[in-house]
Amino acid sequence: MAEPGRTAPTQTMSTRRMEALSDGVFSIAMTLLVLEIAIPPGSQDLLHDFLHHWPAYLAYVVSFATIGGVWLAHNVITEFLTQAVPTLIRLNLILLMFVAFLPFPTRLLAEYLENVNQERVAATIYGTTLFTTNILVAVLWRYAASRQLIGTAGDDPDIKLFSRRLTPALGGYVVLIVVGLFFPLIAVFGYLLVAVNLLIPIRRHR
Amino acid sequence: MAEPGRTAPTQTMSTRRMEALSDGVFSIAMTLLVLEIAIPPGSQDLLHDFLHHWPAYLAYVVSFATIGGVWLAHNVITEFLTQAVPTLIRLNLILLMFVAFLPFPTRLLAEYLENVNQERVAATIYGTTLFTTNILVAVLWRYAASRQLIGTAGDDPDIKLFSRRLTPALGGYVVLIVVGLFFPLIAVFGYLLVAVNLLIPIRRHR
Amino acid sequence: MAEPGRTAPTQTMSTRRMEALSDGVFSIAMTLLVLEIAIPPGSQDLLHDFLHHWPAYLAYVVSFATIGGVWLAHNVITEFLTQAVPTLIRLNLILLMFVAFLPFPTRLLAEYLENVNQERVAATIYGTTLFTTNILVAVLWRYAASRQLIGTAGDDPDIKLFSRRLTPALGGYVVLIVVGLFFPLIAVFGYLLVAVNLLIPIRRHR
Amino acid sequence: MAEPGRTAPTQTMSTRRMEALSDGVFSIAMTLLVLEIAIPPGSQDLLHDFLHHWPAYLAYVVSFATIGGVWLAHNVITEFLTQAVPTLIRLNLILLMFVAFLPFPTRLLAEYLENVNQERVAATIYGTTLFTTNILVAVLWRYAASRQLIGTAGDDPDIKLFSRRLTPALGGYVVLIVVGLFFPLIAVFGYLLVAVNLLIPIRRHR
């Protein structure tokens, strides 16, 4: 157990399968979102019904962009990871549990965003899920950084940039959840903005 | 066929694709669980309906944690695997058949846990599926160990710890299935406990 | 284009992504099968309804075993593959199109196997899909063998065994499709038998 | 950051996970298409209902072939990729967003192709999605080519062939969207033709 020979491949393998499971969950959650878009069968005016389903397309884009952003952050974290220690694997499973959950609040948003009485509730549930997911990304990142699992990557300008961006994004979610209690639609566009901001190229390349 | 040169990559390839298929099934089964959570459309009080769907969220968390635990155990087993022999590949397919089946009893539990007359049946079907799945993990492990497919890993303290934990977990499932005949909800929390216990870091790291 | 340096990694990469896409489709098709099992909501006697859904479980097991068998055959074929030529990639896509289609006839079988008037139709549609899928496995294999894409593997006893088993399996499907016109349930058990037979360890290990 | 040692594996890893996510989305989108094929339960004449569902099978084949073609093009692009720069990763996410969306217009086409009043709308939505998806493939390709991310591959005859084929395919989509306003069914067969044409072996092998 102490010989480095066995330890090294074991760790590498863990990271590989953690990434395989994660990429699986990310890609499936992304693709399942489309199942939430459903025009009731037997439409008499398909063009009208198609256009009036815009909250579903908006919810699809926001959720897709958010999962894309989380995937990218996950990518950055695991890229610098030198060891996949047990706690990290569990934290990662909890993160995946929220990513896989996202299609459910997305469906609520798609269905109730036009509904004056229920849209506040839908937007709050949606925003809280996005916020929790990003909190877990931050926890994963802080844990990896604090345990020195990411080598000398802490000095990397990309990593510094990523660190600097995550905290304002979390703040943004808190503000938008409150905004959503009064103006749900504005909050949803805000969620899109936060996701797109996290997606903007982190690393300026050489 | 006898030259070691060709044999080695062949075996490695089999393990790789067995892992790829398994990680695929694990991640899809995890993510499909969310489709079982459905608030009937046209809710007049979304907050009330959302909160009253707690059995669906509980079922989601328990099933996600269980699949996570099975994935982790699978990970430990294949990490030490030096050969993917045919019988193991078939045992693995049977295990995956039960993992992929899990969303169905999860849906039953989500729907009937509030229902006084049917919840006993739902909890029993659910518990039996969890029990069978973990039995298959144990069979896979015993088979790999008995055929010396896991090299010297049998002396590894992690592996000993994993072996020691699996048997009580199986016992726990039997007890909880019986408990579920009388107190279904307590049994479901018990299943969560067993899953979380199997998820607690197996390997104390260096 | 002629330098071996560039050619080699290109080919390897193609094979790798062909395998990644295939393993994705195999594992998703396997896991989507569970969505076809659905007890109508609001059951008044869940135990009774659960037990009376046996055709759905039978259809699930037969389809899962069939996809498992096709995956295994696919595995054997690509293991010996030295080149992923364009025609093979297209044949593979056609095979995947039928594998991905299988959940649909599985649902028909699950729903209509108890229905005296419709079960013959459901069993025929199901059997024809299984037959076509296995025909495509055979075509893929013959093509790879005829183009010498599998190196000296043709002399391998495993490969000979695999070749010998595939033709009787195809014959079995033809017989069972005819049987299914009169005795649908017997045909379905026959399909299970063929799938299990294809799953029985192909390679006796050293 | 400047030492080539760290840069190289980082880039490779990014490409690997971009491919893993992409292959995940491609294979799931392909397999989810089957969920759009649904014969209403309780059919009294299953053979009749099965045969009259031909628009659903046609839509399945066209969408499967289109995703297959996009996957193949994606494969060709990433095969020659020497670096996965940030902008490319984002362009790829946008492409995946449209690939994952395709099951929705496929369902509309499957349901409304027989419907004289609505089929024009369904065919236009469908065609526009196919067109946009292929535009994004072209953008991805042009971007990679313009930034010299594909090494000397620009001189490769395969790549030249691929480049030459993509533009007429885009033109074909524009023509077919217009055709679909008058003859929706002819447009759908046209979409199949374009997809099959893109699937025809790009590389004549050595």
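Chains here go by letter, A, B, C and D, matching the order in which they are written, and residues are numbered from 1 within each.
Criterion: a residue touches a chain if its C-beta (ideal position, glycine included) is under 8 Å from a C-beta of that chain, and two chains touch if they have at least 3 such contacts.
These numbers come from a predicted model, not from an experiment.
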Residue numbers at the subunit C-subunit D interface: does the shared fraction exceed half, giving same, or fall under half, giving different? different
What is the Cα-based rotation angle between copies subunit A and subunit D, on a 0 to 180° scale and rounded to a multiple of 5? 90
List the centre-to-centre spacing of subunit B and subunit C in whole Å, with centres computed as mean CA coordinates. 25
Could you list which residues of subunit B touch at least two other chains? 20, 23-24, 28, 32, 35
Contacting residues of subunit A [partner subunit B, same complex]: 1-2, 7, 10, 13-14, 17, 20-21, 23-25, 28-29, 32, 35, 83, 85-87, 89-90, 93, 96-97, 100-104, 108, 111-112, 117-118, 121-122, 125
Contact footprint of subunit C on subunit D as seen in their complex: 19-20, 23-24, 26-28, 30-35, 37, 39, 41, 43-47, 50, 60-61, 64-65, 68, 71-72, 75, 78-79, 156-157, 199, 201-203, 205-206
